[in-house]
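Shared chain: subunit A. Partners: subunit B in the first complex, subunit C in the second.
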Partner chain A sequence: MYYLTRQSKLTQFLILLVVFFALCLAIEPSETNVLWRFPALFAGLPGAINEFAENLMYEWLPVEVYDPELEEYETSALVRELTRGFSRSVLFCIELIREILLGGVKTIVTFTSWDFVGEHDWAVWPALPWTVVSGGAIVLGYALRGAGLALLAGLATSYIAIFGQWEPAMETLSFVLIAAPVSCFLGLVLGTAAYKSTTTEAVLKPLLNVAQTMPHFSYLIPVMVFFGVGDHAGAIATIIFATPPMIRLTLLGLKRVPVEVVEAGAMNGCTNRQMLLKVLIPTARRDILIGSNQVIMQCLAMAVIASFIGAKGLGFNLLLALNQLRIGQALELGICIVLIAVVLDKLSLAWANQQTDYFADESFMRRHRYGVIFLAIFALCLLLSLLGRTIFFNGINYFYLIPHNQGITTEPFWQAGVDWMVENWYHGLQAFNNWLILDVLMPMKAAYLGMPVIATFVLVMGIGFIIGGLRSAVIVGGFLLFIAFTEWWDRALITAYMTSFAVMISAILGVVIGSLCAQNSLASRVILIGCDTLQTFPSFIYLIPVIMLFGVTDTSVLIAVIVYATIPAIRYTVEGLRGVPVTLQDAASMSGVNRLQRWVKIEMPLAFPHIMLGLNQTVVFALFMVIIGAMIGTEDLGQYILKALSDKNGIGNGLVLGLCVAFIGLAVDHLIHTWADQKKALLGT
Partner chain B sequence: MSSQSSKSKSVIHCESVYKIFGENAKKLLSQSNGKVDAVEFKLADCVVGVNDASFDVHEGEILVVMGLSGSGKSTLLRCISRLTDATAGKIFIDGEDLLALSPKQLIELRRNKMGMVFQSFGLLPHKTVIENIAFPLQVKGQTTAESMARAMDMVELVGLNGRDNYFPRQLSGGQQQRVGIARSLAVEPDIWFLDEPFSALDPLIRKEMQDEFLRLQGVLNKTILFVTHDFSEALRLADRIAIMKDGVIEQLDKPANIILHPATEYVRKFTEEVPREKVLTVGSIMEPSVDATQLSELRVPQEAIIQTVAEAILTESKQVAVVDQQGAVVGSIHASKIIKMLFGASATPEGIG
Partner chain C sequence: MKKLTRNMAVAMSLSLAAVSGPSLAADSSKPIVIPTHNWSSQVVMAYVIGGIFESMGNNVEYVPADTQAVYEAIRNGDVTISHEVWQSTFGASFYNAMQKGGIIDAGTHAAMTLEEMGVPQYVIDDNLCPGLPNWEALADCPEVFATADSGGKGRWLEGPQSWHGNQMPERLAGLGLDDKYMVKFAGSADALWAELESAKKDRRGVITFNWTPNFTDAEGFVFIEFPEYFEGCRVGDGGNGACGSPKGWLKKAANYKFPKTHPAAYTAFSKISFTSTDIGQMAALVDIDKMSHQDAAKKWLADHADVWKPFTE
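Up next is the complex of A and B:
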């Protein structure tokens, strides 16, 4: 051992590889051989979790509850009643916003009864005409930022209305408008708590790590068990998923507030409250805004996934369209989701950055001009929608609500495109598809599955040892051991194979494209804006065009994964290379390097830690996308999580599977971070 | 220690103030009976910030604390503004025991009596110039209209007219510090703390800001504790200078006395490079005795910097009379004294005065 640690890292790695392959060859595959596959010691874990959840939901702490419908007391578990109450209030909020936007009777029913609504025809809340919402968005955009944002808001809302997606879009919006603020608020509160107390931080940190690497699906099952199915469940799952990044960024932002700003606040006589609300949080605004931006993105990404547990709206329709292979419609729906995401993001950003003029001496009308303009638009659009009743004779009032799928659509065009491609490119695509699956993927998968478990452990822990010493080896070994003791080791290997295949290609693509673009400042700017835009797309959107080309196959999933995971690789490469200090560039130039030498000897080594962090993101993105790919039919861990969704006792399976995925991610995350930190320390930055 | 102590009241009074960082600081300090040795404490993982500091700052006085980085000068300032709590010792502000104040009382004190300027400005990045300046007023609970009107006055006072709606990031360093100064003065504090306020600025801007500072002090007459690492800045601004090293105040005296009588070898090193004729006043090197028969016609004021009158004195062969502000003769000076100061000084500083 001592001899080994004195060798260079490369030699150590080569020795490790030799041992690994020797183990692979030496150990015979057999069900009984412990070295081939560890026994599933944790096989009982999902069952235990199920039992625990059931106990918690139906038996623990029984309380007497009055049932107004049966008019008698009944016994029910405390947790069940609590979650029920919570579900109801969340649902009420969602319904309220939804009915303001789309009209309906449920809010009125809440305060009266179904009978009351049945007896009185007038007891219906009318929808806001879409023109009013659109006008409101335009005025808001103008008030907060100016003509650009107003134009964007106007175009986005008009697009949604004209393409007949108004109803699902407003359904999605109503659920985002609840989930996003709640997530932001929770994130702020917890982030601040972690900032104030190191104990809270120490408790939250591992939870956050796991939460951010667990696949979206795993959240759905516990939420379903505790909160049932429906819009509220979707919103709750979304909140759980969207809050961790907000916590993390709030904490990061608060920690980065300069000491002097805090001291200045104290010397100005701030109370604790004033310090928090007027000094700390506003100063940390940059990071907190990135957090809220992530929250909005997560909310819309979850719009699709939450539809699995009954959330209505664009996501549900998108899923349906994908399942029916209606590419055109899926594309239109995808654009709707992206538009909502972008508009909400820009509006929230502009809201946080607004400025007041204290010495403007304005009249009442001028001070309230935007309110007045909105009222005018409101009245005008109301009139227009009343007018619409008499203009349009086919029963649809286009000025009021354009019913679902009654707008214009470009679907035939896309369908024709797909048909044309299938007709003309079928053989080429199919040949590529077959080649990839038969000659690349299948052998690779077989190789992964052919690894004895002990060899995998030696390889991964050995890499851990080489990178970070004994501590790293034990940490990654621990993560792996958990997976090895579940029943799903083979599935995990398949997930690992798909992810590693995608990551390899993404990393190569990312570094090459990033390096090329980084040579030129204009190209860098363009590619960074491109990455920004692509990152606002919910992950699901990436599946649409590839399914168009390759149908529902592993190839489609892999290509979507690669495209999605290449984005952070490119971004971090460009940022890293452009971040090389000018003085060093000048020094290199004066030493007479050529372009290639500069890249190899100066830029790459200096940008390496940053690029590694990009690679880390690539791995996490790829893992997520591989799991999402399960929706269109791959056979890894994701598929099992999906199965757990439809299983009554799925909570245990779902959670354990989710943890398996999370632990793969965490192990890689640990290795990459340790490595990058060492490189950074070497560079002295 | 100083002749001022008798004539005006003490606003800040420190008695054996210690600040020691580290887990066992309190315990170690109580064992040491006030004799703190930095090396010994270092072995116990404690860092000595301030070591037995006792002094007064008087009303309307500028006390400059000078020291190199790590000397504990900023820590001392932070103890007196109670941004950190002193490990031991007593601090009185206007006779009130600072360390006994409740958090609420402390907030009141800071809201009404103290203002502080920071080295890297400490401006709130999300607020405009005017909002930053109005911030301490709003924290106190003043209405927007009131605080904005006052803030606008402060904008004018520091000469930032027309930039009131800029954000800090849109201003130069010197302008940002003007905002910091305006903010610290907005509540009309009696006590003004400045923590290396001009160190982050370019030399020319620094000179300009020092002039600005002296101008403001001429108008406002605050009690000032000013921290710097720049000896020449200290000489320019100070009524008295405290020189710190390793947490200990090595010497606390008027600038002229520090140059003429450095108390320790460490202090002497600072004074070596100082051009005396530009710093010392005639009064600081004159002979208090006057022989009326030997006097020339020339009269020089006591406060005059030597450089400004040296040429005139050197052309006189007789003793020159030194007068105070009322014109009364308080002493005399001879050309030979000036020559000795200029050329013989650094070799034997004790030889003068």
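Up next is the complex of A and C:
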């Protein structure tokens, strides 16, 4: 051992490879050979989890509940009543916002009863005309930042209305408007708690790691069992998905607050609360804002998946459109999702960046000028929509609500585009498809499946050892051991094969595109906006055209994965390269290096730790998308996660499978992080 | 769990009472929750049934739900009914939920369903594989259905594995076609439609799993004629699997409380029985006439009062 550690990393790695291949050759593939496949010691785990959940929901702490409908008492479990009560309150909030935007009776029902609403026809909350909401968004944008944001808000809301997607868009918006603030708030609270107590931090860290790498499909069933189906369940799943980055960034921000600032606060006699609210959080604002930006992006990225458990709105319509192969329509819906994300993001950013003017002594009208303008717009738009009742001949009031089949649509154009693509490219692509499948993918898959389990452990733990010593080796080994003890090791190998192939291509593409764009500040800005857009654009949409071109094959899955996983690779490359200090670049240029040399010798090495973090994100994105790729047709963990939706042990299977995926992600994450940290330390940053 | 089962037994007997006798109490005004899935006929039928309930004075609510997960939701009472339970695709999930208790069988539609492997109409018209739709013709033309990843064999594109497990591979083995054909599991119904649409563009041979009534009926889809199904022919039942699919049922399911809370609506729901023609008409209004699902349901209800009125009486 001692001898080994003295060798250079390269030698160590070569020795590792030799051992690995020797093991691969030496071990006989047979089901009874423990070195070939570990016994499935955890095979009973999903069943146990399931039993636990069922017990919790139906048996434990029984309470008698009165059912006014049946006029009799029923036995229910306490936990179930609690979670259902929670669901009802979340649902109430969502319905409230939804009915302010779209009208309805549910809020009135909450305070009266269905009978009351049935008897009184007037007991309906009217919908706001879209012009009012749009006008409100414009005023808000102007008040918070100025004409630019007002224009963006106006264009986005008008696009949504004119394309006839107003109703689903407002449905989506109403659950995002609940999920996003709740996630931000939870994130702030938990992040602060972790900052204050190292125990909390130690407990939260692993939970956050798992939550951020676990595919969303795997917790849909537990959420559904505990909270029911409907918009509230969608919102809860979204909150689970969106809160972790907020916690992380809050914690990061608070930790970066300089000691001097904290001491200045203490010297001024801040109470604990003042210290937190007036000193720490404002100082950490930059990171917290990045957190809230992430929350909004994550919330809208969940719009489609949340509709699997009952969220209404754009996501559900998008799935319907895809089932009818109406790609144009799905695209328009996807654009609406992106627009909502962009507008919400910019508005919240502008709101958080507002400066308080402590000295202004303004008249009432001046202080409340935007409120007054909004009221004026409100009145004007109401008038318009009343007018609209009479001026349009076909009985549709375009100033009030444009129904989905009355809006403009570009669907025929996109549909024709897809048809053209399939007709003209299919045959050309077949040769490529055949080559890729026969000569690359199938051998690669066979090689992964042909690895004895002990060889995989030696390889992965060996890499861990080379990178981070014994500690890393034990950590990644632990992650792997969990997977090896479930009955899904082979499935996990297939997931690993697809992910690693996609990550390889994505990393190359990302670094090349990112490096090219980073040469120019305008190009960098454009590509970063493109990354933001693609990240919220629902990835389900490109599954269909890809199947049409490449069939139900691994190629299709991989292309979809690569499109999605390249985004973080590009983003981090651009950020990393742009972050290289100008002085260093100038110093290099003065030493007479040419452009290429500067890139290879100066910029890339300096940006490399950051790029590696991008690679880390690429792995997580690829894992997520491989799971969604199960909708095309794969044989990996994702397929089993989808299948868990109908399994008897659905909760347990879903969660354990989700953990398997998370642990693959976490093992890679650990290796990359350890390595990047070492490099950073070397660079002194 | 025992309690639930007992409740269910009570519900069952009560539901029988509700069907046979006159309803005892008025329906609750609480909304009946109807799930919507991601295919047209199901969504239109959701609005049609909702419309029928509304015509009886009930409140109705629609909630999007996953096709497999919905049975768990009905069991828990978060969703009240499901009106399209396809035998071979959702039978497993339905009976799993029933075993746990809380969900009842609310009768069967008149529509007989067929869920089977088949080919688009043009495969027959262009005579790509002479002798089809008889299954024996398959032996002579695997290359017509071969794809890049099928290893030279013909490919059967089956639905997700969660739908019918290993039935199709077992059938291939039973028929002795497994040296010429392989089964590829698609991940979703969308994948099947995308593959069919792509194949149609250059009239390429393709064998996929499909069902009827379905929107593909409009363009023509021919099911392969396998040896007839008989009890016990499947591998799981002790046979060798060399048989086709049986004509399947299309059931309705409900939460066990539904007969008690909404006796009149439940009675109507248990009587509702749509035929393949009804379902085809509903789907066509959306898929072919491009109406919205709500509008299609309204139009169908207005045009076919003679069909649905009797259910409510």
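We adopt the following convention: the second predicted complex is superposed on the first by the 599 of 685 C-alpha atoms of A that agree within 3 Å, B and C clash if a C-alpha of one lies under 4 Å from a C-alpha of the other, contacts with A are read in each partner's own complex, and residues count from 1 in each chain.
Just so we're on the same page, contacts are C-beta pairs under 8 Å (C-beta built on N, C-alpha and C of every residue); 3 or more make two chains touch, one makes a residue touch a chain.
Only a predicted model underlies this, so the values are computations on that prediction, with no experimental measurement involved.
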{"item": "First (subunit B), second (subunit C), both or neither touched by A:Q535", "value": "neither"}
{"item": "Touched partner set for A:S158, first subunit B, second subunit C, both or neither", "value": "neither"}
{"item": "Touched partner set for A:I309, first subunit B, second subunit C, both or neither", "value": "second"}
{"item": "Which partner, subunit B or subunit C, touches more subunit A residues", "value": "C"}
{"item": "First, second, both or neither for A:I221, with subunit B first and subunit C second", "value": "second"}
{"item": "Partner chain(s) touched by A:I544 [first = subunit B, second = subunit C, both, neither]", "value": "second"}
{"item": "Which superposed partner A:M267 touches (first subunit B, second subunit C, both, neither)", "value": "first"}
{"item": "Residues of subunit C touching subunit A in the complex", "value": "1, 3-4, 7, 28-31, 35-36, 38-40, 43, 57, 59, 63-66, 68-70, 72-73, 76, 78-79, 90, 92-93, 96, 99, 147-149, 157, 160-162, 184-191, 193-195, 197-198, 201-202, 215, 257, 260-261, 286-287, 290-292, 295"}
{"item": "List of subunit A residues in touch with subunit B within their complex", "value": "258, 260-261, 263-271, 274, 278-279, 282-283, 285, 355, 357-359"}
{"item": "Residue numbers on subunit A that touch subunit C, as the complex places them", "value": "54, 58-59, 67, 69-70, 74-75, 113-115, 118, 220-221, 224-225, 228-230, 307-312, 316, 319-320, 322-325, 403-405, 419, 422-423, 426-427, 430, 433-434, 437-438, 442, 543-544, 547-549, 551-555, 629-635, 639, 642-643, 645-648, 650"}
{"item": "List of subunit B residues in touch with subunit A within their complex", "value": "78, 81, 83, 107-112, 114-116, 118-128, 130, 135-136, 139-140, 144, 148, 152, 165, 180, 183-184, 187, 193"}
